[in-house]
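Next up: some structures, all given as structure tokens.
Common to both upcoming complexes is chain A, partnered first by chain B, then by chain C.
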Partner chain A sequence: MGRFWSLLFLSVPVLGTLCYLAGMLTRSGPLALWFPENVNSMANEVDQLHDLILALIGIVFVATGLVLFWFTWKYDASVNDQPVRFVHGSHKLEFWWTAIPAVILIGLAIYQLKVWSDVKIRRPMLAGLDGQMDTADDQPMPPQFEVVARQFEWRFRYAGEDQLLDTVDDILGDVNELHVPVGEIQVGSLKAADVLHSFFIPALRLKSDIVPGSQQIVWFRADKPGSYEIVCAELCGWGHYKMKGRLVVETKDEYQLYLQSLRAKQYQRDFSQPSVAQVYERDSGETGGSGPLGTNLSLAGGAQ
Partner chain B sequence: MSNSTRSVWGWLTTYVFARDHKIIGLQFLFSTMLWFLVGGMLAMAIRWQLAWPWQNMPIVGPMLFSGEGGQISPEFYTSLVTQHATVMIFFVIIPILTAAFGNYLIPLMIGAEDMAFPTLNMMSYWMMWPAFLLIGFSFFVPPYGAGAGWTSYPPLSVLVESSPGSGLAQTLWLGGVACVGVASMMGSVNYLTTIIQMRAPGMTFLRMPMTVWGLFITAILQAFALPVLTAGAVMQLTDRLLGTGFYLPELASANNSPAVSGGGQPLLWQHLFWFYSHPAVYIMILPAMGMVSDIIATFSRKPLFGYKPMVLATCTIAGLGFVVWGHHMYTSGMSPVLGITFAAATVAIAIPSAVKVFNWLGTMWGGKIQFSSPMLFAIGFVSMFIIGGLSGILMASTPVDVVIHDTYYIVAHFHYVLVGAATMGIFAGTYFWFPKMFGRQMSEFWGKAHFALTFIFINGTFFPMHLLGAGNMPRRYADPYHFELFADMLPLNRFITICALATMASQAIFMLNFLGSIFFGKRVGRNPWNSNTLEWSAPSPPGHGNYDFQPIVHRGPYEYGNPNHPRDFHPQTEPGPEDLTSPLQEVSHES
Partner chain C sequence: MCVPAPTLRLPSLFFVLSTALACCVGCDVPIASFEPNVLYRKRMELSEDVKLDKAQEDIQAALDELFGTPDNPKWPEFLADDEEFADLVALDRLQRAAGPVRSDEQGVHFGLFREHCVHCHGVTGNGRGPTSQFLNPYPRDFRMGKVKFKSTTIGQKPTRSDLLRILREGVMGTSMPSFRLLDDEDIDALVDYVIFLSVRGEVERRLIAEAAFELDYEYGDRLWNPGLKESSDEEDAEELAAQWEVIQDYVVEVADSWIQAAGDVPEIAGAAEDYPLFGRDNAASPEQQARLAASVANGRRLFQGKVANCASCHGATAMGDGQANDYDEWTKEWTTAMGLDPKDREDIAPMLELGALKPRNILPRNLRIGVYRGGSRPIDLYLRIAQGIDGTPMPAAAMKPANPQGMTEEEVWDIVNYVLSLPYEHISQQGDNVPPFQRERL
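Presenting the complex of A and B:
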């Protein structure tokens, strides 16, 4: 029976590796079981880091799996006629198999710092008064759009001509649809109207929880025109699973046209329906985003 | 009459309100196994929905929710994921390891008559019952349970209007969790005192078996981390019931509810919750690691490789375990600068985990491996812990975690640790100590059949989940398939569900074997496995007071295969030379 058990343990690294290889091969096929294509050029390093770590742990996974198989095969009591190796340990081995993983792992922790700071800490900057980058008066880039997450939909607002949010020329976006120009750095401000949500765009390698009562800042540069899905990744209630949005990456001209059409709609709407509450109620009705307990109008949140 | 009253009283104090650690251990074992069944059923319902979304659940569906025609509703789905995790973590894995095995084994393995505080011990079991009843009852409050996830993040868990499950069911849930906290606290104080104060003569700290080390360090983790969760849960209760605002931001509101003046911080709960719940991960794995170390040494007929490094690794994991809670919060909105510290501590915790794996492999190297059912489950533990541990490194890296956080990658990872490793450890321990508990042995044939099926189907269930995670399929989605991104994942989810159902079905073998062997198993003597540790020199099952002689400990627990000794094992109680040809294990000559 020992042979059977050794082979059973051998099947783990073999089938596990095959499983991962199959996943990677579907990267571009119809049955996508791998990370979607990354279109955010500011997060290329995330994918490289993932591949590096996956390669490292893949090697350890296969190596330890093979050792486990070999030991259960060779030292099976029913076939091993050698006497038991009566040892209690080895200082030398303990030292090396502590030191080598330690060096690799601590190295990894340091190596990934730059990637982390690029995607989450170092917000894109604009040149200050002196018109030059990397000088002391650089300003953090203001957000060009705002996301307000609520049960169970995404609402968007654009900064308008003055490039600043919370000013009179802000443009109210369509529900569940965010437009951005291709190839430009975009900064977004995230707010939640009711409970926790998480703004997750797999194609941008971007995820940020949104905490009611505070603001999150995200940034990216989408380099490929197209339509990508926005996913809510933090449990936000019974309709969590249907909180689907769409990111449309388009050329600068298309983007400007879209904003103009939004602005036209907004002015039309302002004269005929001056109440913001009515606008929200109508939108909730259109998208079916309201909860079972009534509409989702909330007193909190930044969209008003 | 008075005679029968006395006998009823005697029966009650012996078997129901028992103060004997062995009875309490068995009470915990049976209670947790029943909850294991409940938690498993909940998992099957989750898997049903993911494989055949919105289709009527066969057999159980109409019984549970005939109103909806046996279909799982989205609000019931959030209850399912919440209750599955709650039951499995708070009612199964933590109590079965720390309370069932902890209670049964600690006094026996250190040569004590009983726990230091038998009455406190009894109360720790009976404090579980309010928790069982509160959370059990919350299943019957529409929509059949709390639905804010086992993590119970506010505002969802605090604003009653935010979700159908955030009403009474959530209040009951929080009350239940607070009771579990009190019960575990009572247990952990008891285990600590017993291990520090009541070791038999000669049982120095560095002669304690790894099982006791695992339970000892776990008790420290529980004693220091659990009060934080208990207090946090009470604070959430007062937010809900008394209108305090610990976790609610200013003007919090959901679903048109009147805005409340909160002034608190939703992230505060996440910090308090994970300050407990990350050490809880180690609470759920360290005792199993200890048991597996003992079992691998016993059935390799060889001393445990690197006993002291193993002890040190256990302590290091526990110490680092207190400073890594933030890795659950990389994307939570906490300052990303904090993430750097937590990432460094988290990758560091992989070092002692790796040391443990290498030492288990080192123990098998050059041994004579007996493939008994406990040993198979122990090797299964190592095999699956490797997978769960390695995938953890991906998540420890902050930028990578941003992508895979809250996807099935995480689900695959922690199920490999908790189902793959911890549950394998629990089965290994059950097969191993069953003879001590009941004086009979479980069927080896059915034990091995149980192992083969469980091992194959658990891997079949959880390994492909890594691919779902790589495809970024989010957790806690009742129906992900209306997204273009996840539309192709239905066939793989069906495969996973079939494996999960098969895993569940395989447990019938275990249940029949377990229950049948209590009455019909092969009778065995004190030491059926030829093991060294102290409990095997006591009668099987041990009577009240445990030992029929005063155990005196002469050596460490792992003297297997000594060529200078006539037998291939050398029990700790057996008098004889204390010399050890050991490069690592210097025995201190106390007592």
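Presenting the complex of A and C:
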């Protein structure tokens, strides 16, 4: 076999480099395969940070693989008849391989501070009483929607006309379906009803764990209309895999229409076979694509 | 010269074993039969003082013949021949929902019940799947043919729309999630399967009751004797046909109650369009706001009053603390209904051994939280008040004109408005909620 095994080790950095190149080629542009396009203009730096870290660990990965190969190649038993000999080590070398990663990691930690605080800490503000931004009486923007995560679904509530949650004009949303207007800053309040969940919208570069009993605030500005995936990113029980929802980014008018239809549905008073029941009739795919209330109740039939 | 014996090395042994284990994972053992309703049988044995273990075999044989097995369910032929019954549970939808989990080349899903429902509701729909004991409330046992949140009156079956609604929206405040992301056809198949399990379970109960009340196995009576099929004797054939007719009658009766329900949905026209609703009209014209305030005040009066009598269970503060000692029908049936004390461990021990879940009190809803299991829309609250909640101590409201002492539809809407206002009322400002006699004592 000879040096065959050391060649096997060589395949690690080689394949790693190929994967890395293939990944970068198919990251965006015409060949985009795996990396969803970022539509959240408040989180553009997240992608830059992602690429930087990926490049750094890519280099370390390939370099480590090459060193490993070089050792197995050079000291393979078939070409090396020297007996094993004890080496104490090299203080100089150890110093550098500790110092360089430390500098890189600390550098990253400092470099990402702004991104982290933009995405997680510095909540968008509303101008205060004086009508001017960046003054002392600015108010943090109140949430426009609430997410309640529970095994295994997402429930939504909208603030309604007064733009405040937990008031009487709140609008009950459809389960697993969140609508937001395009190009506007949206603040959401996250709660969990039972166990730990994590609210993850890959296309918005938005991920936040939700701890039962506490409230998390997230914000974003979706700039491209469309339908995006909401998933749970924290193993929350046996049905975790199917805890999915849909984020619909639409124009302001469509968004208002949607809220109106939710409201109409919520305050519907009459109850008879041809009205309420019909919405839930068997062939809702055909007749109820948009039901009598003008809303699409079927997620499966109404993608995009 | 001898060949050296191959040495068994630990790593290779580990490799072989783990591969073998991996191959076995996912091997589905076919489920041969639905579980018998031993709890109900025991209940009948105790209350009627009979032995039903012989009848059990007949019942199982008859049920297998009527409804097949979990892997290969059947809709009784005499029902499938009838258009209405064939539409209630269609064989193709039934087969999609049943059996092991798989999907075909076109991406059509099969085994939906086992994929999504079985771990809580159980193979037989008895509400005793592996996770059931960890849930509060317990998962529904379909076999009694009762559903809580529906649009039909108490004692009636739910409509198909009611079941679809529960599957699509889930039941907030319980562990039942929404299945809205499934394809419409999949949800449809599941509704059929739930109806199927419910019909099967109810027929089983009736056959057990028949065996307990009507048949005397000690004198050689048989509910269903498949052995007679082999016989060429004419008398035997007649006996078999007579037995089958009795069974068939029960099946048709149960299935028919599902068909009836679709025609039983009440038509609620709702109050006039300008009638104020809490939440919708809080910021409307001053006149509407005044009407709304009057409606809420009237609702509060009715809530505490003698006719609606909501406060007796939901409590004067509406926090669900009026009474906390009652049980639902599913529990009462094998406890209080036959003189067993659900709180007495020794009393209920034999029942728990048969798989009954530990009895839990059914608690009136705390109306100040704003979580309503049957749905949060005003119309949902209206239905709960006007129709009651089947299988629970929540009764249907006494309504005019059927009951001259009862309430009008508008008065029920007033209660709805009041209930909707409760989550927004500060708990410390509830002076009005304390009934007059208590206030005097304070």
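The working rule: the second predicted complex is superposed on the first by the 241 of 304 C-alpha atoms of A that agree within 3 Å, B and C clash if a C-alpha of one lies under 4 Å from a C-alpha of the other, contacts with A are read in each partner's own complex, and residues count from 1 in each chain.
By definition in this document, contacts are C-beta pairs under 8 Å (C-beta built on N, C-alpha and C of every residue); 3 or more make two chains touch, one makes a residue touch a chain.
On a predicted model such as this, the values are computed, not experimentally measured, just so you know.
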Partner chain(s) touched by A:Val175 [first = chain B, second = chain C, both, neither]: second
Touched partner set for A:Gln268, first chain B, second chain C, both or neither: second
First (chain B), second (chain C), both or neither touched by A:Glu153: second
Comparing the two partners chain B and chain C, which touches a greater set of residues in chain A: B
Which superposed partner A:Glu161 touches (first chain B, second chain C, both, neither): second
Touched partner set for A:Trp238, first chain B, second chain C, both or neither: both
Partner chain in contact with A:Gln139 - chain B first, chain C second, else both or neither: neither
Doubly contacted residues of chain A, that is, touched by chain B and again by chain C: 151, 238-239, 242, 244, 297-300
List of chain A residues in touch with chain C within their complex: 150-153, 155, 161-162, 167-170, 172, 174-177, 238-239, 242, 244, 263, 265-273, 276-285, 297-301
Residues of chain A defined as touching chain B within the complex: 1-2, 5, 8-9, 12, 15-16, 19-20, 22-23, 30-36, 43, 45-46, 49-50, 53-54, 56-57, 60-61, 64-65, 67-68, 71-72, 75-77, 80, 82-91, 93-94, 97-98, 101-102, 105-106, 108-109, 112-113, 115-117, 119-121, 151, 193-196, 198, 200, 202, 205-214, 216, 229, 231-242, 244, 291-300
Residues of chain C defined as touching chain A within the complex: 119, 131, 151, 159-162, 164-165, 168-170, 172, 175, 177-178, 180-184, 188, 265-271, 273, 275, 277-280, 282-283, 376-379, 382-383, 413, 421, 424
Residues of chain B touching chain A in the complex: 73-75, 77-78, 143, 147-149, 153, 155-156, 159, 161-165, 249-256, 258-259, 262, 265-267, 300-309, 331-333, 336-337, 339-340, 343-344, 347-348, 350-351, 354-355, 357-359, 361-362, 364-371, 376, 379, 382-383, 386-387, 390-391, 393-394, 397-400, 402-403, 405-407, 448, 452, 455-456, 459, 463-464, 466-468, 470-472, 474-480, 482-485, 488-489, 491-492, 558, 560-563, 568, 580-585
